[in-house]
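Okay, got some structures for you below.
Each of the next two complexes has subunit A plus one more chain, namely subunit B in the first and subunit C in the second.
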Partner chain A sequence: MSRFQRTLIGLFCAAVALWLVAPTLIIVPISFAEKKSLAFPPDGFSLQWYANLIRNPEWSNSILNSLQIAAIVSVVATVIGTLAAIGIARMKPRGGGVIRAILITPMIVPGVVMAIGIYAVYLDHQLVGSLTGYVAAHSMLAIPFVIIAVGASLSVFDTRLETAAASLGASRITTFFTITLPLIAPGVLSGLLFAFVTSFDEVIVALFINSPSRKTLPVQIFASMTRDSDPTVAAVGTLIFLLTSFIIAAGLWFGTRRRRA
Partner chain B sequence: MRDLISIRRNPVLLTVPAVLLLLVALGYPLAQVVLRSFTDPQPGLDNYIWFFSRPVNLTVFWRTFEVSAWVTLLCLILGYPYAWMMTAVGPRMRMLMILCVLVPFWVSGVVRTLAWVILLQDSGVINRVIMALGFEKLRLIRTQTGVIIGMTQVLLPFMIMPLYAVMRGIDLRLVQAAQSLGARPALSFLQIYLPLSLPGILGGAVIVFILGLGFYITPALLGGPRATMLSTLAQQQVLQQLNWGRGGAMGVILLVSTLLLLAVAARFTRRRYQIAGGSK
Partner chain C sequence: MADKERGAAVDIRAVTKTYGTFTALDDVSLRIEPGQFMTFLGPSGSGKTTTLNVIAGFTDLTAGEIQIGERSVGNLPAHKRNVGVVFQHYALFPHMTVAANVAYPLKLRRVPQAERNRRVAETLEMVRLTDFAHRHPAELSGGQQQRVALARAMVFDPPLLLMDEPLGALDKKLREWLQLEIKRIHRELGTTFVYVTHDQEEALALSDRIAVFNKGRIEQVGSGRDLYDRPETLFVGRFIGESTVLRGPHELRGGETALRIGEDWVSHPGQPVGSGRQALLVRPEKISLLRPGAVTEDGLNTLPGLISEAIYLGSGVKYEVTLTDGSRAVARVPLTDEPFALGESVIVVWQKQDARLLPDDGSSEAAQSGEEQ
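Here is the complex of A and B:
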């Protein structure tokens, strides 16, 4: 390939990278707008929309709800998903493959179809707007990410280490906590982060099962966007963007550390 | 202690909590959707007959496929060179390119769609640039074009990752061998590199197309009544019309389309591997 062609493709890729990242960044200046408008570029500078996030209970409550749900979901999904990933790894390839395929189905079922069904069931069992309801639905959605992340760690895990520990007299539980878990910890940790983000960002199911007293942040953002041009959505979007970037950077850092170890 | 021994013999026991949760939180709800589509308000195929006899529904149905097809094609055109470049650059540059793909991948879809609303609105940045260049103002928001633009950006990472995963494993010596035997670069690309990258193309295309079919947020916020997709229609039936049967039928149609596509793709991939004589 000639130098010219390579430069051409390089420029094309730079444009693609820009198109992937830049549009989202436009919300940052808008979050500092002075007037209540989503026009770009914004006039003036103010922090009122950030203040609004704390002062307005609609926003602050939905943020707290989302954080609470995501925190519980990340623990529940990580525990259940890690157990499942270990089970799959120890099963015979054929059976393990089937179970894995079944557990990953939430990734391919269209969101609205799930949401309608979950809403129907929750209405029948008074679970609409309940913490249990959110946690069950979001954990189900997050488990595939945990299984994939932990599964990747387990695929490079040498099971002879467990045999060695057992032959030296360690019990199954001791072996798990002192040998297996530390070695697959990077996978478990990235699974935990993915589970948190999955729950924190989930909107379709939450749109159906929310109640006025318990709304999640994405639902609040969606409602605000369909209602008016309130730059508070840009302020909260900026914060989510920073938080997510931070979490991914942490995830990548742990990922590369594992390879070096 | 006996429990632990049985776990050791039957590792499938470890997957029981996950499978149970899946059955309760997904299996049972999906069964309800299917059931209601056939029984609400009365038993029979009424909801499906209604769906396929209304031209409005069929328009939305085809539009859903059309939009997904456009988005898949655009993602492939944008993602293929990008994924190739990721295999050709040094580790530092590659990390930066991966980051550019991953950050939007995990930044909430709602927030990214918000950015597109701001960019595409009638008095938005894109329209102002267009008018400054002396062209007519374009209607972008609440149109199919707007939906396609937004969805392509949200779904592009799902195309790039499988492409990159496959391209990373392609042995470039095969391309060099072809060229050393006199094949021109274009020919060696078409005959060697492209066929070898086909599993990635197929994998990425299937994921993007399937996710596109079920897209809800982006079409709901960027599209208007003239750009409604199947998900929005199903949601309206359930939440606004309280018509569980019709909404359920739409959901089942969406789900069946998705599963059929997956089945076809799985078959196609298997056959390709056989032709290629792959060992996997």
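Here is the complex of A and C:
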């Protein structure tokens, strides 16, 4: 390959990389804007939009709501998803494959389709805007991620270790907590992180089922964007960007880190 | 440890295990005495590992009963049987150190910390791994890992220790050394050992008694010597040690049974076993080879043949001789000044009573060699 070709490929890759991250990076400078405008590049520098996040109850409440929902969802989805993944791994490949496919559908079905269905049911049962409603809907969306992450860990788990534990006197439940769980922990942990993020930045279903008294952060952002051009959106975007990048990176790190082989 | 309660007896009574239409164990009965070193020997798929799994509680029975220490364990799950198991694949817990692996069964039994540490140290010393206590299994060699597995299986003083081809994955040198270690540990513990292997040399080296498995049944139970000198079936005779098997039509001649091999007749001072076809089994060291024309005495069987293979063994030479009916005789003879050459005509000679007359099960040699794995 000539030097020229290599340079050309390098430039092309750089352009694609820029194209992928540019929208994210643009919000960072905007969040420090001095005037109430989403213009890019911004004029001046201030931290007022970050301060607004804390001072304005609309923003701070939605952040707290989102954190609360995501925290509960990550636990619920991780417990259910882990149990499901173990069950699927124990089944015969054919039956397990069918059940796995069913459980993973929330990841494939378009969000808006799910949202309509959920909204219709929630209206009838007074679940719109309730904590239970958010947790149930988001858990359903997060469970597939847990199943996939835990399933990957289980595929390299040697079930003969469980037989060995039984021979040493461990009941099934003891075996699970002392042998199985520690060895699939990387998968469980990355599943938990993915579940948290799935709930935290979910917007479509949340738009349908939110109420004025309980809004999640993405809904608040959406509402704010359609009302005026408030750089608080950019400030919250920057924070979410940092937080999710960190969580996803941690998730990937735990997920790919093999146990001492 | 040696003054602790000795090993438990194991009583296997009419145990059958089927998988769909496949019968893995067919009405197997066997008693293992306390403190005995019992080996299950047989080719792969013969039922020896299934029997072990049934004793351990990993596999449930289709019919029959198992008693360990005079207590029926039919409904007892594996984790309540208090039986140590050593697996071919070690099955060490990769997230725990060697010491934690060995302490695991003691923790489950809520042995206090101080005593736990003492017993772990004691057991690791017994398998000579004291210096490796704080390593992880991945940092050990195969032989070391298997010794950790052994330590873990015996640290809680089970009255019965099951071993499923524990040395199968190791090389020959290491295997022989570990055989001696296992033998020593068995002597020191006084625990009942049940050992599964397809390697007849290993079985002979280790065992008090050997149960030979074939097609889900036990063919014969006895000491290594019994099985080698007095096999009751052709399968056992061929599976243990080397042998020459002669087959042919037989008739009774004055209290002796005579078999026709090619154009010649050989005889055995005994009655046919059963009513079917008969086979004669001769061990290689019972056979001597003579050059044609040599004088032979009465009471000997002789068959002509051609040397087809000569293998130098150090202590002697193993000759393979092709007989006139196409079958193959094996003789192990001391080194002589005049060795036989390939293709040379020889006479195969043995004392009539040195052979074993057995019913011919008609099976081919390859199917019984046990080398299929």
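Keep in mind that, in the parts below, the second predicted complex is superposed on the first by the 247 of 261 C-alpha atoms of A that agree within 3 Å, B and C clash if a C-alpha of one lies under 4 Å from a C-alpha of the other, contacts with A are read in each partner's own complex, and residues count from 1 in each chain.
As a working rule, a contact is a pair of C-beta atoms (placed from the backbone, for glycine too) under 8 Å apart; a residue touches a chain by one contact, two chains touch by 3 or more.
This structure is a prediction, so every number in the text was calculated from the model and none was measured.
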item: Which superposed partner A:Leu131 touches (first subunit B, second subunit C, both, neither); value: neither
item: Subunit B versus subunit C as contact partner of A:Met114, first or second or both or neither; value: first
item: Touching partner for A:Ala170 - first (subunit B), second (subunit C), both, neither; value: second
item: Touched partner set for A:Leu47, first subunit B, second subunit C, both or neither; value: neither
item: Partner chain(s) touched by A:Val203 [first = subunit B, second = subunit C, both, neither]; value: first
item: Partner chain(s) touched by A:Ile248 [first = subunit B, second = subunit C, both, neither]; value: first
item: More subunit A residues in contact [subunit B versus subunit C]; value: B
item: Touched partner set for A:Pro182, first subunit B, second subunit C, both or neither; value: second
item: Touched partner set for A:Leu161, first subunit B, second subunit C, both or neither; value: second
item: Contacts of A:Val98 with subunit B and subunit C, given as first, second, both or neither; value: neither
item: Set intersection of subunit A contacts, subunit C complex versus subunit B complex; value: 172
item: In the complex with subunit B, residue positions of subunit A that touch it; value: 1, 9-10, 12-13, 16-17, 19-21, 23-27, 30, 38-40, 80-81, 83-84, 86-91, 95, 99, 102-103, 105-106, 108-121, 136-137, 139-140, 143, 147, 172-173, 197, 200-201, 203-204, 207-208, 218, 221-222, 225-226, 233-234, 237, 240-241, 244-245, 247-248, 252
item: Complex contacts: residues of subunit C adjacent to subunit A; value: 56-58, 77-85, 87, 89, 91-95, 104-105, 108-109, 136, 138, 152-153, 156
item: For the subunit A and subunit C complex, residues of the former touching the latter; value: 158, 160-161, 163-172, 174, 178-179, 182-183, 259-261
item: Of all residues in subunit B, those that touch subunit A in their complex; value: 4, 8, 11-15, 17-19, 21-22, 24-26, 28-33, 36, 78-79, 81-82, 84-85, 95, 97-104, 106-112, 114-119, 121, 123-125, 153, 156-157, 185, 210, 213-214, 216-217, 221, 231, 234-235, 238-239, 244, 247-248, 251-252, 254-255, 258, 262
